[in-house]
Amino acid sequence: MDQLVFAAEVFLNGLMTGVMYALVALGFVLIFKASGVFNYAQGVLALFAALTLVGIQQGQVPFAHLINAMLGTHISSFGWTVPALLAILLTAGVMVLLAFLIEKLVLQHLVGQEPIILFMATIGLAYFLEGLGDVMWGADIKTLDVGLPQGISDGIEAVTGEWFGYGFFIDRLDIWATIIAALLVAALVAFSQYTKQGRAMRAVADDHQAALSVGISLRFIWVMVWSIAGFVALVAGIMWGTKSGVQFSLSLIALKALPVLMLGGFTSIPGAIIGGLIIGVGEKLFEFLIGPMVGGATENWFAYVLALLFLVFRPQGLFGERIIERV
Amino acid sequence: MLYREAGDFKTSYRDDGQTFPIRLDRWGYYIVLAVAFGIIPFIINDYWASAVFVPFLIYAVAALGLNILTGYAGQVSLGTGGFMAVGAYAVYKLMTAFPDVSIVIHILLAGGVTAIVGMLFGLPSLRIKGFYLAVATLAAQFFLVWLFNKVPWFYNYSASGQINAPERTVLGWAVTGPATSATAKYLICLCFVVALAWVARNLTRGTLGRKWMAIRDMDIAAEIIGVNPLTAKLSAFAVSSFFIGVAGALLFAVYLGAAEVGEAFGINKSFLVLFMIIIGGLGSIFGAFAGAAFMVMLPVLLKNVLVGSLGWPTDLAAHIELMIVGALIVIFLIVEPHGLARLWALTKEKLRLWPFPH
Amino acid sequence: DLVVPNLSYRTGPYGANGTQYADGFNDYFALLNERDGGIGGEMIQVPECETAYNTEKGVECYESTKDSGALVYNPLSTGITYQLIPKVSVDKKVLYTPGYGRTSAKNGKVFEWVFNAPANYWDGASVAIKYLLDENGGDLSGKKVALVFHNSAYGKEPIRTLEGLAEKHGFELSQIPVDAPGQEQKSQWLQIRRDKPDYVIMYGWGVMNQAAIQEAANIRFPMENFIGIWWSGSEVDVLPVGEKANGYKALTFNGVGMDYPVYDDIKTHLIETGKASQGGEHVGSVLYSRGMYAAVVISEAIRKAQEVAGTSAISPEQLREGFEQLEITPERLAEIGLPDFGPEIKMSCDNHGGSGMARLQQWDASAKQWNLITEFTEPDQEIIAPLIQQDSEAYAAESGITPRDC
Amino acid sequence: MFDAESRETLLEVNNIEVIYNHVILVLKGVSLSVPKGGITALLGGNGAGKTTTLKAISNLLASERGEVTKGSITYRGSRVADLNPAALVKRGVIQVMEGRHCFEHLTVEENLLTGAYTRSDGQAAIKRDLEMVYDYFPRLRERRKSQAGYTSGGEQQMVAMGRALMSRPETILLDEPSMGLAPQLVEQIFEIVKAVNEGEGVTFLLAEQNTNVALRYAHYGYILENGRVVMDGPAAALRENPDVKEFYLGMSDEGRKSFRDVRSYRRRKRWLA
Amino acid sequence: MNQLATEEGYVTADGRQIGGTLMEMKNITLRFGGVVAIKDISFDIRQGEIRAIIGPNGAGKSSMLNVISGFYVPQEGEVWFKGYRRGPMKPYEVARLGIARTFQNIALFDGMSVLDNIMTGRLNRMKAGFLSQALWWGAAEREEIANREQVEKIIDFLEIQNIRKTPVGRLPYGLKKRVELARALAAEPQLLLLDEPMAGMNVEEKEDMSRFILDVNDEFGTTIALIEHDMGVVMDLSDRVVVMDYGRKIGDGTPDEVRNNQEVIDAYLGVSHD
């Protein structure tokens, strides 16, 4: 019985963690859908967004370190703090600008290239942004606080304590993440299925040349999609940054999002969420049930193996578009 | 008309099929070999060996391997780091279990072990394609690293899980262990590289290579004209993993001397080698070398320029180095998505016409 | 001039930690140069090389600096240390790895060129258990202790010691690995929440530390019962968690805070003249202090070597002698301007690891500072010494080294 | 009948040169002019440069690493070289690419709707045009909900044509519309071209291998070989030209030759060496 | 052709020997989800003949070729080849039986040269072991040269000598089709399936292609099944024609018979083609 209650707790937490993964995966899906680009930089984008948010919030002078090194000055802060909401808006603005620059400087020149080339370009981009984030805002660990609650939810603990005699642990941050993710997904699904831009975005994913030929502006679509992805990255960055501070390792959550993506299908927005939930639950339960037998720390690979097993049966992921095989 | 092939007629299909059909190329190749074997070993020092030449040679082997899988057979893999770890741990176990057997044999066997593991992880490629496969190979990467970290048998139950390469000799020269000279390290790697590059070239120009390329270019059509995708893909995984395993074995035994799996064979290795083949040129042997040279030398060069010559603080230099590497990769892909190998071919095409523009 | 390269890392997953350490290391030598004109009249050069905590880059840094007359290396990475151990014995360079690296390098008979005073990972584990024993009136039997560790060579180091100690003192040890980078530790902490161990000991680095402290706070694990190794006890690990990190404890082998005379000198000679690393941003932080402490030990060894060799321009071999005969007494520390900053160190030909003493510090979240809460404590050599003997002998056998006589 | 001379010239291609990959010279000075409201055919063998010409006009070369290195292209008197393809579509020039290029994962209907991407005249008008396209191609109405990737070759060709019509263009550049279509459908497509041309006044420039049909429907023709225009003239005149007859229409003096009779080796006559 | 043809075969008007049944499709039905691509179709292909399959777009012609080459597995029906019922087979096994084909949307290997593309056609004839290939020694080299000679013959035959070393991606459409034919021929198949070999060609090129097809049929005795929309070509070249519409068979017979079949005219030809 105890074991069952524990498992239930693990299950719930798995769901919540899955949502956190899905937040990162969503950005991937958007960009993949719209341009066939497998955007490895999504994780770094989240890091960059979080760094920028903290920087703006705390009134850091961008490039302070560089300026100091060049000019021998000692500036570091403007000495003001910006309210969270305004800072988020400003950061969103920065992400749009970034999307614009990425399109202008990178994607535009790679129209029609093979997917693997684009993939590599995004890794190059990831390096660049990582360096840029460090140069702009410094490499130290920062605390992000936009007023999201954190820590165990007392209500749930009390209620479940009454029911099962064991109070479940649910992080309040995770609850918020779930609500926000649900809203995001609903909005994005509606956008891609029912708007002209959404349709154009899917068209671009299929065939750049043809999209050009019917007058879809790749530039516009890409700037748009990368802006949205930048915004999603910002949301993911806020969540993960609140959870574990803003520093380099934030970019590595991309690696946790990949199996989610693989399982849900690269092109499906709902797939990102469902995939996230399955992966979250799967890896937590596996660690809980089997982990102790094999020495633990299975989470890094288990997600991938789980996704792999799913793929063997559905090579396009659970909700991915069918891979068209014709001659 | 600096570069000529006119007047270089072939009278037999054998001549036509040789590796460097053009005389000028052939001479260039001989000169490179002569320098590599005849001059560099005598002037190399520890710094050049461990900062440039040895990693370059070892990564060239890995890049050749991955290029066979990704460039020739079209299966994108991100498991290179994990497979290198297999090679490293295999050679470590062999070295410590059979100290009297030649290290050369151990390294080859390590390649063989990796080939088997590679085939195992290649099985899903029959169903899974493209990026799905690429991400799926990450399962190999993470699982293998976890395994070597977790099971003490692999690291001979040492307290920390590190593995250390004991000293082994070839013809009386130490090639592993702390006492190895720069020249010995360089030469053993060079021998492996030359031999394996030659094998790679042979395989890719023959039947097997054509099967791989057919699968890469259009797998369905390939199957319909008679290529068995199972054997073609698995053989690509096996050969590629063999190369990568040898590279991993060399990296651990000859270059690093000690290794910890998560750190030395992490996912960054996978990306690094993938970068090499893409910057160098997919589906090109020359590209594997060019890419390895580029990716090994670029950071060293940047570091020397930014810190050594410009005297920037190291952290700033390191961050800016990241930006520059990232930007250079992007710029490279924009200028020539098919890599250095294509750039080289185009240059030759231009030289052939030179001084006429077309 | 004497050359002491600083193989630092200011980028990558552990860049935030490495930066502070490197600053402290640099600044102390800079101070010596500014204030005293170096050591024994020789200026100290500290060329810095970025390793990004990456072994290959570390090796490259080592190779690129070793021919410039480098005396001693301190790479702040267990992985790089393992690479360098065989190399330094061939190249004849000193490798100084305070509080990290290969624990059994304490055995100077096998590891001639490596020093890891004042304390190593096993000492740390033992001191932590000793502290718990004190807390519990000398009896830990029946208690549960969980070890949360970075799933790497570094994190696995204390397992054997703790197993030995568990047997000796009758507590129950559970092992909870966390894979790098470790920002997602929910399962681990749910497990702790279920198992309710009495104490948690952590061997972490980088983001893993703060994620763990955060999760511990989330499940309301009492912070007083949570002890980190010295690499899990800096400001960057607790600050992001805020108030809830209050009471968290960590080991340390160096003093904390700015209450030492040497900081006045650093202020006048470095910060005010703009010569401090990164404008003196991190002066006084735990990791800064530890980097500085490493520099102190090295400079004392240099002084000793100069004394022994009778020349100021010493060679690495002479420095090695200096290390082996090094004695840092409390008096000497006070002279340097760091009273009670570190334990007494006395090294010898066969003991390259000093006394292994460490103490505990505790985080005061409202004051945002660490407070020392114990004196320097000796580890339990009864457990550790045989383990060191065993591990170093295994290494000697594997690498064909005949231990020297001391 | 349509009289090319008296119409204003809509599109003018002036002596353009196109190079792929910086080294492969494909077009070596091609000039054409397309009169408003006419159907102009671009004929020529494989690799003559028809597709390249069309892509040069619609600015689609960049993504294939090709560029126009000499000459100029003007549409309604203004140069179009700096416009991106989308801007060109907004001005009324749309291309139907060779090899269909449908959006595989979109349904047939969604494919058609993407054609209306640049339009801003409201849902109702778009809906009307969708019906119009379905009337032209009833087969598409049947398959409106299936993914374009799974439709047959002919159906895809219809999708591509329909998609172009959805943008309400002034000029359509049509690349090999007849390829792979059943004979009935070829006629049908050309009938549609004609109907659209006459009914809606849309100008056509079409590249075609099927010289026979093309010359029956076009008003004016250009024959391209090896990247050069080797002959041009009103369609009727071209149809009577003996060389065109022999090499492009497959007619000998006695009428249509049987494909069985050409078995003996025959050296081709070329206009250019 | 005439209806007097017996099981053993007959001689055509222009003197070619047509043999007995080489391949027989019996009651084939193929569905994709709800779409019925082929509905209960039976027909045969005789040794040495040129058999055309025609029909409107989407009728299921390409699908039929895919069934023959094993890429689609029909839900119902049997495929007989050389007198044996073919069990479930992978496409590459079918290829080894001596069936080669070209594709409607050219399926060449874009990254390889023309020569290599054609060489892939001979893959099943190259048997050198792995080691021999790796060392380029013995069997591998001999085999390569021997097969290269065969391929060169095909290259000469199809008159594509000058593009031997060009990467196929750069070739114009018509030449690609020719290379595809060459690749199929290199396998020296007994049955050659051609899916719209002349689409996108002008008359002159169609004439060339016709000549090749006839020569292949004549010189090597290869049986050919061909899908084509150019009625001129179909009527001139083929011995017998199958007509499909909406997955059904609506006609089967000599070109003349088919041409005058009212159902065929309505569904496909539009006007009767003379």
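Think of it as A, B, C, D and E in the order they're written, each chain with its own count starting at 1.
Heads up, the rule we're going with is that contacts are C-beta pairs under 8 Å (C-beta built on N, C-alpha and C of every residue); 3 or more make two chains touch, one makes a residue touch a chain.
Here the structure is a predicted model, which means the values were calculated and not measured.
Engineer: Minimal path length between subunit C and subunit D through chains that touch?
Structural biologist: Shortest path length, in steps: 2.
Engineer: Using C-alpha centres only, name the chain that sits farthest from subunit A.
Structural biologist: Farthest by centroid: E.
Engineer: Contact counts by the stated rule: is the higher one at A-D or B-D?
Structural biologist: Between B-D and A-D, contacts are more numerous in A-D.
Engineer: Look at all chain centres (mean of CA atoms) and spot the one farthest from the centre of subunit D.
Structural biologist: So the farthest one, by centre of C-alpha atoms, is C.
Engineer: For subunit C versus subunit E, what separation do you get between their C-alpha means, in angstrom?
Structural biologist: Taking the average C-alpha coordinate of subunit C and of subunit E, the gap between them is 75 Å.
Engineer: Rounded to the nearest whole Å, what is the centre-to-centre distance of subunit A and subunit E, using the mean of the C-alpha atoms as each centre?
Structural biologist: 50
Engineer: So what's the Cα centroid distance for subunit B and subunit E, whole Å?
Structural biologist: Distance between chain centres: 42 Å.
Engineer: Rounded to the nearest whole Å, what is the centre-to-centre distance of subunit D and subunit E, using the mean of the C-alpha atoms as each centre?
Structural biologist: 29
Engineer: Where in subunit E do residues touch at least two different other chains?
Structural biologist: 71, 103-105, 107
Engineer: Hey, what residues on subunit A touch two or more of the other chains?
Structural biologist: 65, 134, 139, 295, 297, 300, 326-327
Engineer: Which subunit C residues reach two or more other chains?
Structural biologist: 10-11, 15, 19, 151, 179, 278
Engineer: Could you list each pair of chains that touch, in label order?
Structural biologist: According to the stated criterion, the contacting chain pairs are A-B, A-C, A-D, A-E, B-C, B-D, B-E, D-E.
Engineer: Would you pull the subunit A residues touching subunit E in the complex into a rising list?
Structural biologist: 327
Engineer: What does subunit E use to touch subunit A in their complex?
Structural biologist: Against subunit A, subunit E makes touches at 66, 71, 103-105, 107.
Engineer: Under the definition above, what is the set of subunit A residues touching subunit B in their complex?
Structural biologist: 38, 65-66, 69, 105-106, 109-110, 113-117, 119-121, 123-132, 134-135, 139, 255, 258-259, 261-262, 266, 294-295, 297-298, 300-301, 304-305, 307-308, 311-312, 315-317, 323, 325-327
Engineer: In the complex of these two chains, what residues of subunit E are touching subunit B?
Structural biologist: These residues of subunit E touch subunit B: 69-71, 90-92, 94-96, 100-101, 103, 107-112, 116, 119-121, 123-124, 126, 128, 130, 133-136, 140-141, 143-145, 148-149, 152, 183-184, 187.
Engineer: Given the complex with subunit E, which residues does subunit D contribute to the contact?
Structural biologist: 24, 43-48, 98-99, 139, 146, 150-155, 157, 176, 179-187, 209-212, 247-250, 256-260, 262-263, 268
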